[in-house]
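Residue numbering begins at 1 within each chain, and the chains themselves are lettered A, B, C, D and E in the order written.
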Amino acid sequence: AGTLDDVKARGKLNCGVTTGLVGFAAPDANGNWDGFDVGVCRAVAAAVLGDPTAVEFVPTTGKTRFTALASGEIDMLARNTTWTFSRDVDLKFTFVGVNYYDGQGFMVPSELGVSSAKELDGATVCIQTGTTTELNLADFFRANNISYEPVPIETNAEAQQQYLAGACDVYTTDASGLAATRATFENPGEHVLLPEIISKEPLGPLVRHGDNEWGDVVRWSLNALVTAEELGVTSANIAELSAGTNNPEVNRLLGTEGSLGEMLGLSADWAKNAIMAGGNYGELFEKNIGENTPIGLARGLNAQWTDGGLIYSPPFR
Amino acid sequence: MSEAQMKVSDEIAITIENMNKWYGTFHVLRDINLTVNRGERIVICGPSGSGKSTLIRCINALEEHQQGSIEVDGTLLSSDLKNIDKIRSEVGMCFQHFNLFPHLTILENCTLAPIWVRKTPKKEAEEIAMHFLEKVKIPDQAGKYPGQLSGGQQQRVAIARSLCMKPRIMLFDEPTSALDPEMIKEVLDTMIELAEEGMTMLCVTHEMGFARQVANRVIFMDQGQIVEQNEPEAFFNNPQSERTQLFLSQILGH
Amino acid sequence: MTTMTDPPKASFRLSMLVYDTRYRSLTFQALAAVALALSFLYLGSNLINNLRAAGLNISYSFLGAPAGYDINQTLIEYDSQSSNARAAVVGLINTLIVAFLACITATVFGVIAGVLRLSNNWLVSKLMALYVEIFRNIPVLIWIIIIFTIMTAVMPAPRAFRGDEPEASMLFDAIAFTNRGVYIPAPVWGPGSMMVVATFIASIIGIFAYRRYATNLLYATGRLLPTTWPTIALLIVPSVLMFFIMGQPIGLDTPALKGFNFQGGIKVGGPLIALWFALSIYTGAFIAENVRAGIQAVSKGQTEAAAALGLRPRRVMNLVVLPQALRVIIPPLISQYLNITKNSSLAIAVGYADITATLGGITLNQTGRAIECVLLLMLFYLTISLCISAFMNVYNNAIKLKER
Amino acid sequence: MSDLHANSVAFVRTETIPESPPPGVASGPIKWMRENLFATPANTLLTLVAIYMIYLILAPTMPWILNGVWNANSLSECREILNGKSGACFAVLSERWPQLLFGFKYPAEYYWRPTLAFVLLFAAVAPVLFFDLPRKLLVMTALYPFIAFWLIWGGTILVPILALVGCGVGYAVYQRFVASNFAAGFFGGIAAAFIVWSLGGAMIPEGASEAAMLQPVPSRDLGGFMLNMMLGVTCVSLSIPIGIALALGRQSSMPIIKWICVVFIEFIRGVPLITLLFVASVMLSYFFPPDSSVDLFLRVVIMITMFSAAYIAEVIRGGLAALPKGQYEAADSLGLDYAQAMRLIILPQALKISIPGIVNVAVGLFKDTTLVSVISMFDLVGMIRGPILASTEWNGVYWELLGFAALLFFVVCYGISQYSQWLERRLATDHR
Amino acid sequence: MSEAQMKVSDEIAITIENMNKWYGTFHVLRDINLTVNRGERIVICGPSGSGKSTLIRCINALEEHQQGSIEVDGTLLSSDLKNIDKIRSEVGMCFQHFNLFPHLTILENCTLAPIWVRKTPKKEAEEIAMHFLEKVKIPDQAGKYPGQLSGGQQQRVAIARSLCMKPRIMLFDEPTSALDPEMIKEVLDTMIELAEEGMTMLCVTHEMGFARQVANRVIFMDQGQIVEQNEPEAFFNNPQSERTQLFLSQILGH
């Protein structure tokens, strides 16, 4: 049976997330998961099962995430995972979209007085192992013909400790992660993010190759969030809008017109549920990682295409 | 003594024919021929390493022999497990080191085999056990553990344990040689009593007094062969073979 | 030799498969083999189905592909363009390094603690008992993390050495303890340094020769020469003399703070130290118990017999107790070495680049070749274990007391 | 012989010389110290060094512990309270106490369930560990797995009851047939249990778990020290029967069976536990059918059980080898068959000898359960290294947390090893 | 026997005066007075725990005594290490469990002390050792390890090992009690031979045959005291003290 049927039968979505990165996916003191990636999981669960809490969050490390997905332990992986050729083609996964356009950056203590990554010759660099950052880092230093000493670390939490203790001069990971990490510091102001972004890191949810129905469900759940923002559908006005509007796309999205849900094998109000789970894309962003949160990320590349960003959903038609 | 000897019947209990045994390439038993009548009491002696224990142990299949045949009570000792089981339940054995089961009480030691092998109900098995424990004169120790008894008492329990299986033949392998001198006597007394009741017995021992008193026949082994066999009086007073003479002089020497 | 004689040509019956001692074991073994084969078949077919469903295959070609990542401690030449196989070799060497170092120090700790535990000084023996109990009863992973935390959180960062009034300073202006590791001076071999080294080696050979001569002299004439002082003198004097004769050819390259890190000298990385120290002190506690047991295993009768022959306590120790205690100590000691090697796989918790971290960690993550990497990893550890146990068997056979 | 000599020889003592106390027994602390601390100059030096070392360790740690802050909401609050003094911030322990013990996902309102299971554990193991207790208490041991399973995982009570009934029926069948033939009893028992399970499994209504008395908790939500305890207890108890089978197999005279066991044991003992955990986390799921619900917890249990079974097998093999050959022979000569001899004579003794060794393996294994933190399970160490140290409030509270973990393990492991030493002493004197 | 007794001289080998010893607060040896002449052979017997071993071991300072004096060959046993060394090199000792060094060959066992204590050249030490090994009739085992010998052979090696130090006095602590009956004789023979050569011997043993044959004096100990001493004939045939009578009846009983 396909994954969709499995999930329906089980009544729960198994969603792989990181072991803890504030803003993206982290359990709070009560053990409830919260964050931007978590929002995607909840949206999918709401779309499929009508219940945003019907999610089982499976924390994964860089090492375990792909096996967990490949072996069916989780139904989808919503963990800041970079969409790369080899992961898509060689490891046989399907990336269903991009929910965050990221790039690898560097964070250094401001007292070091470094203003560019090119000045990092001889520095000790903390990296999370098993991520693309490890490879980018090697390429960057090699290309600039400068040397460094890598300190490979398993989880973000430890990397953070090492960095704060001064065991490494630089911490490098995706810029969003750096911001999220810095936000948890006691004195975030004492650390600067260097201007260089040394790689493209499109992060997005992924599913196993071959199960296209399921891939479609996840892909269009994500797209529904994006489109909702584009069309101005928010968790505040969705109840009102779902009574019917005169914008046919909104109607199609919310299931009052057409049979998109049926085509996906879901109920007609699937997208409405998904959006209600945590709000549209923009709302999720603002709530979890936006400028008013401790993480304080600007929309930047992740603005809607209409605002000059890259966030763009194919039409619901 | 004469009373005991009278009980020997003409029925045959054990027949060993042309039996040979090797350990690896070492020829331990060579061409053994022996017939034991029902009720007969045989003492086997000989220098250390001469194969006495091995012979005894072949009889109840603790060791396999490679050539020749052993027939116990009409059952041929073959590789068939059923035959082996049958023979073992007819033949009791007492070891030099008693080999009581230290984790079981005396009573449990005695009832174990009747319950599990003979499928005797527990109650009945316990009655039988108490009967034989009385016979070896330690009924009051039934609740104790072997470790709490003296060596002589342990050996008597071992005898009682064998008897509980109601064997028709008893094998003894140096039953007194691990005992302190004070205790030897009590064990020998028990064995003599058994002999007087007409039990068929094969006994490896160097207790010549015992041999004189109860044996119908003494067998002398050396280098895996039966060198000499005779009635006790004749055997001790007038040994034929040189090796027997040498051996007897050493044994009785100091 | 045939087996027991049965009635000649007893016809074969099916029940003989179970009841005849000749066939019984064959029957059981056949059953076991079939059961084993079936379960392998089941697991194997699952594996193949699952892999096919996921569109994966088993292939080791990734070993030849560039690894793409850097490693911070490499004894052989390695950069990010080297192959995954080479990265694995780098990890393997690192594993062997930390295991080797830890074996040595664990033995030292263990012997000292084990001997002191038998001391008749109450305080010292209690302290050693405390050491043994504390370290044995807390997981090695926690020790590794604790010591690593000491390394990173307590030691000063290199930047603490900077400035006019630094918070931290170097020991003897030559050794720097930082939270990235310890920087020690490296020797610089000038011309003529070979002579000094040669002298040193020669004097070590000389020590052995002298000791041998002393024993032979005792055997030949009954004259007993002193050995302790000549040994120390031989060890030091010739080399020092030669050092000055050759005009001090061996210099030192002391580490100095340049840029972000100390440069020059030899760096012993923090993860290596943490792992090394934690393994040594943890395993040392076990070895202490082995040593104590070994010494106690030599029965009091042996000491008494030797004393009754008039041997002095030190001789009793050297000639009678130690040779016997060593036979008892060494086999468990070797299995402790094996444990150290296996426990060194916990390097992954502190970011030390051993084989579990390279082949079983980064390479596995980057290539996603989980099955292949884990299999190779197990193969590697298995090889080491088998080598050590083979060695142990040889040794045990060599020292086995001759019995009847 | 001279006369003089002969006369001097004969001697008879008639009265007994009374026992008298030893002369000059200066007792008291001074003498004790002179004998035990300052016997020789070298000894005195050792004592002084030891005292100095104790001082070095205690001088900084004592004030740190005594000044400890127990009530605060974050590290910075702690620091404010301490106001520059050296002191520990034990507040992290009081604030994160439930997380350290139960992980961060186990529902707080159900904490009483694992706690109760933990308390019952003592009742369950006591009759196994102390032979003097009445044997009837073993009933508790037999029931414990089912009770503990139900308490911890929750769900419908029908599942553990069904499991129990299956085991009960299996045991009854075994009892019925074992007297005649061990194999018949053994396999018959297993078959009967399976029949009961599959029949009963079909009868348990769908969704019974949802409406159950105890809310179900998925095993993924287990964590903290509870996870260490559960892994330790489950794996050790599961591995004992497997270990026995392996040990018997390794002693067997049948080459194929022997070699299967040897290869298995040596293979497992030759690789580090970490690699086996990697197998559990990244490989094992490929070996099960895709739709089987073997979650990570179960896979880890499988691997750790195999691991400890191999070690326990070696311990039991030692126990078997320590039994005198006479025990086997006596059993044989009484006509007991292999299964009977093993069950009634050999194993009871061999296991008793092996208990200290098994306990040592158990302690080692319990310590090794911390390794699951490496494969992203949140046991005690995983909780500390992950969620707690990474949280904004407690970033940088190392010593209190690590010290707590160390203390917890020390208490448990030291307790068990003291038990094993007590047992060793007792076994040495038992039965004379 | 008479031949052996003739060799007793008037010279004094060991004098023990008012010796008392405690283990902790337990009074093991009470007021021991004993004079041994050179060439005298003394057998000490008594029930288990009566302090026989302790007495023997005090003589060569394996145990300290707390009161009274022990003088061996004119050397007073004090806490002076030199005196202890001197006494130990004059006094040989054989233990119940032989205590051979299992990691050394028989020859090495015998030459160890001469080489390292007496500083005898190795060659010479080996010659001496071979001489004594011949004397105890096992020169052909010189290259073997103790574990490869039988108990009786081991005990004879132990005797030879002591003899290699050319002691003037030999102490034996139950040298035959750990041996199988067949082996007892060979060890006793060796000891008798030694006795006939006039060695001063103190021997803890229950071998009454040996005592009769070679001892000049038998000492009976009980509860840490010397209860009775006498010539063997008188001692065995006509024990004075009640406790001695009881003991002898037990020993000679069966």
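Everything that follows uses one rule, which is that a residue touches a chain if its C-beta (ideal position, glycine included) is under 8 Å from a C-beta of that chain, and two chains touch if they have at least 3 such contacts.
Since the model is a prediction, treat every value here as computed from it, not as a measurement.
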Checklist entry - Can you name the chains that touch chain A as well as chain B? => result C, D
Next on the checklist: Which chain has its C-alpha centroid farthest away from the centroid of chain D?
Outcome noted: E
Next on the checklist: Centre to centre, using CA atoms, which chain is the farthest one from chain B?
Outcome noted: A
Item to check | Chain whose Cα mean lies nearest the overall Cα mean | outcome: D
Checklist entry - Superposing the C-alpha atoms of chain B on chain E takes a rotation of how many degrees, nearest 5? => result 165
Checklist entry - So what's the Cα centroid distance for chain A and chain E, whole Å? => result 89
Next on the checklist: Using Cα averages as centroids, what's the distance between chain A and chain C in whole Å?
Outcome noted: 44
Next on the checklist: Between chain C and chain D, what distance separates the C-alpha centroids? Give it in angstrom.
Outcome noted: 27
Checklist outcome for this item: The distance between the C-alpha centres of chain B and chain E, rounded to whole Å, is 41
Next on the checklist: Residues of chain D that contact two or more other chains, please.
Outcome noted: 282-283, 285-286, 290, 374, 385, 396
Checklist outcome for this item: Multi-chain touching residues of chain B, meaning two or more other chains, are none
Next on the checklist: By the touch rule stated above, which residues of chain A touch at least two different other chains?
Outcome noted: 63, 67, 71, 154, 161
Next on the checklist: Give the list of chain B residues in touch with chain D in this complex.
Outcome noted: 57, 60, 62, 85, 88-89, 91-93, 95, 97-103, 112-113, 116-117, 119, 145-148, 161-162, 165
Item to check | Complex interface listing, chain D residues touching chain B | outcome: 179, 324, 326-327, 329-330, 332-337, 340, 344-345, 348-349, 352, 430-432
Checklist entry - Which of the residues in chain C end up touching chain B in this complex? => result 1-7, 16, 19-22, 24
Next on the checklist: Taking the touch rule as given, give the residues of chain D at its contact with chain E in the complex, in rising order.
Outcome noted: 1-2, 5-6, 8-14, 16-17, 19-23, 25
Item to check | Contact set on chain A toward chain D in their complex | outcome: 6, 19-20, 22, 26-27, 29-31, 56, 58-61, 63-64, 67, 71-73, 154-158, 160-161, 164, 184-186
